[in-house]
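This is the structure I want to talk about, given as structure tokens.
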């Protein structure tokens, strides 16, 4: 679990972080400047130590509100645990659309204006892309996007994905294969935005043609001169990738019935990967990630889940410190 | 945001609060004597300061149980935040009718007897009028009614409504227009009981005839000599009211299809109100409160929501202090 | 409420508890050795005092995760309150099968591996017998079975049942009548395993023939030489029992329409019980336990619920202390 800092950036050199680089809300992963990202990762390293010591009570006056319009026990638990390890308290709903028993479908704006009186930071999961931005637009307290729509973003997932890589590898010059339903993959989308911030990164987008990464991301990469390839054959690129970012692929979305198998990882594919490749998956998995992979030392997806705690703790402290 | 004490009551003069005026449970708003109400409001002022300081740990040994038979994220979050700001802990369910996976529909009495072992105060939302009283009848610890049935009460909402007015205006001599579905409006019902305690109050009940305030409330007002008028035309009274208490009006309950518009607030109606009128709404809103009203300085409904936190904190301390 | 130690075991004599008798997970009640059981009950007595003092902050760094695949407000609240009275924090879901909004039915193993990063102890309620064991098999942190399947176990319920008896009576030589749907009664099953650890216990299993206790339990008792009788007539044994352990009996499962009445407790049956009998019921009740019984001094079922808090607090400290 060696850590490495690819960039010349030195954590102690605070002069490199401009005073103005403050974060009010986290809605999209590309909001992060590189210095801000490095500040977050430094805080995250610190949080690993805080958790090892049993947590802190520093934020015991703070309340996090989870306003989820769709259930996601995993993400909710992670944010709640992060707040608890910081000493804070938590309000949670996973059925925010039943915000009131009297009026169905109250608008997110009214809900946010009210909850802002009861908490210090709000985490929103919304079924529509743009839902988190609507929340942020009216919120006097920080809002964190915990996923908005299939074509939206899930920036904290991308941050923990990137942190997991950062703990193991230089981020510059990295070669990343993203596999799965990329058209609706908000974690893959968010991660692509972040990778684009690092020099000489190369991304392989591997998906059936009808599920390939959408043009908005490709345009973004083009503008920044980030190298990428669109692939439909996993085996053609798997040996070149430093990082395999496998995402779910639902059988019903693949026309060819054998297709799913071809866009997943099993023991046969393991043999063709680099000996020091990193295998990531945002989880939960369906059929695209065989359980036989779990024992492989290159499989990092459960460590990814652990890193989610540290990254979210760091993000919460950043937002609470900068906005109080 | 000037505060005023209409009544001659002085908070420091404890001798005016009879020793017997203790509150075990809060089931109906009319339980409050005037001195008790003033004690609550003094505590509430104190809670504004406690929250500004970041809360207290004074009640860190106390547990609040939210036993909701119907979901209401808003009310639940408010009570939970109130308990957290006091330092306490929270148990919550919004599907209390699924109290056990084995036996559907366990009676509220058995649930209360059990939960009383696990908590220090219980907040009940029940679908039937009288449900909260049934809970209180068997509970060894304080029970708070958070809404029971469409024709029941919602006393803490009325308390926060009244506190919001109290922070702005003398309560004696007040003229209040209540607009909306008054027959099923438990917040309007609870507020009417409270207003009846103050001298020279006048209430305009404005609703389509079939949705007018029910006789039990009117009888109560008659007995106490409280002046009121039944109106079906908003414009006839809007210019006279110090407080506009707008409540929801569901289109499907109004026979005349243009009716809803006539029982709501929009910018045209704003022009006819007193220049220092107070516009309240218990929220959530449907179509009866146009978003254009939000920017008007007379709109107090989001401050109402904030006051809900302080009032419920005060109520919790009152019940916990008097019953431990 | 006199307490008695039937066995010669002395709480202060730690030498009698072998160093190896550690509990990593609690999946089945028979895991408990007698010394371990007595250690648990000593801790439980201590927890009665801790709660009377208002709780402790000793475990304020610890997080309990409730992973319920079926709702059970009662059991969930009890575990949550136990953790709060110890100073800890709580993560909870009652719809763990909707663990993710994207992938329905994630396997319990993956969920556990992830949640283990966010908490210090996991309480699982699973719809299938064996579900808790599957969770424990992959968990790096303690797992507690809070009920798994109709034919599975519910060991913490049995522990609190036994503790309730232990506070009142010697456990050796005890005569216990278990009444109800015994074939699917996981609390009765778990309790039978525990009773088998004490000398000269006798159990009457009272149920309609088609709902009688299953052979696996009877075989277990036979092996240990525990006396038992299978009965279908409550009145035949009710006068002999020191403890009446009544469990639910759903009318739809009894062929004879008058049957339910014959397997429940009402005031007529009260007259035939021993004058110092103990009446227990795991609750919730359906029709098999008349409300008229509540006032009888022999009715202990609400005290049982209170004891659930103390027993679960003790169990949590035991698992957290032995595995940190």
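Note that the chains take the letters A, B and C in the order they are written out, and that residue 1 is the start of every chain.
What we mean here is this: a residue touches a chain if its C-beta (ideal position, glycine included) is under 8 Å from a C-beta of that chain, and two chains touch if they have at least 3 such contacts.
Computed from a prediction, not measured in an experiment: that's the story for all the values here.
Q: Does the chain-touch network form a line, ring, star, complete graph or other?
A: complete
Q: Are the interface residues of subunit A and subunit C largely the same numbers on each copy, more than half shared, or largely different?
A: Both copies touch with mostly different residues.
Q: When the Cα trace of subunit B is superposed on that of subunit C, what is the rotation angle, expressed as a multiple of 5 degrees?
A: In short, 120 degrees.
Q: How far is the middle of subunit A from the middle of subunit C, if each middle is the mean of its Cα atoms, in Å?
A: One centre to the other, that is 41 Å.
Q: Subunit B: which residues touch two or more other chains?
A: Residues: none.
Q: Quick one: which bits of subunit A touch subunit C in the complex? Just the residue numbers, please.
A: Result: residues 54-55, 57, 70-74, 76-78, 80-81, 84-85, 94, 125, 248, 283-286, 302, 305-306, 308-309 of subunit A touch subunit C.
Q: Provide the residue numbers of subunit C that touch subunit A in the complex, in ascending order.
A: 60-61, 63, 65, 89, 91, 93, 95-96, 98-103, 106, 110-111, 113-115, 117-119
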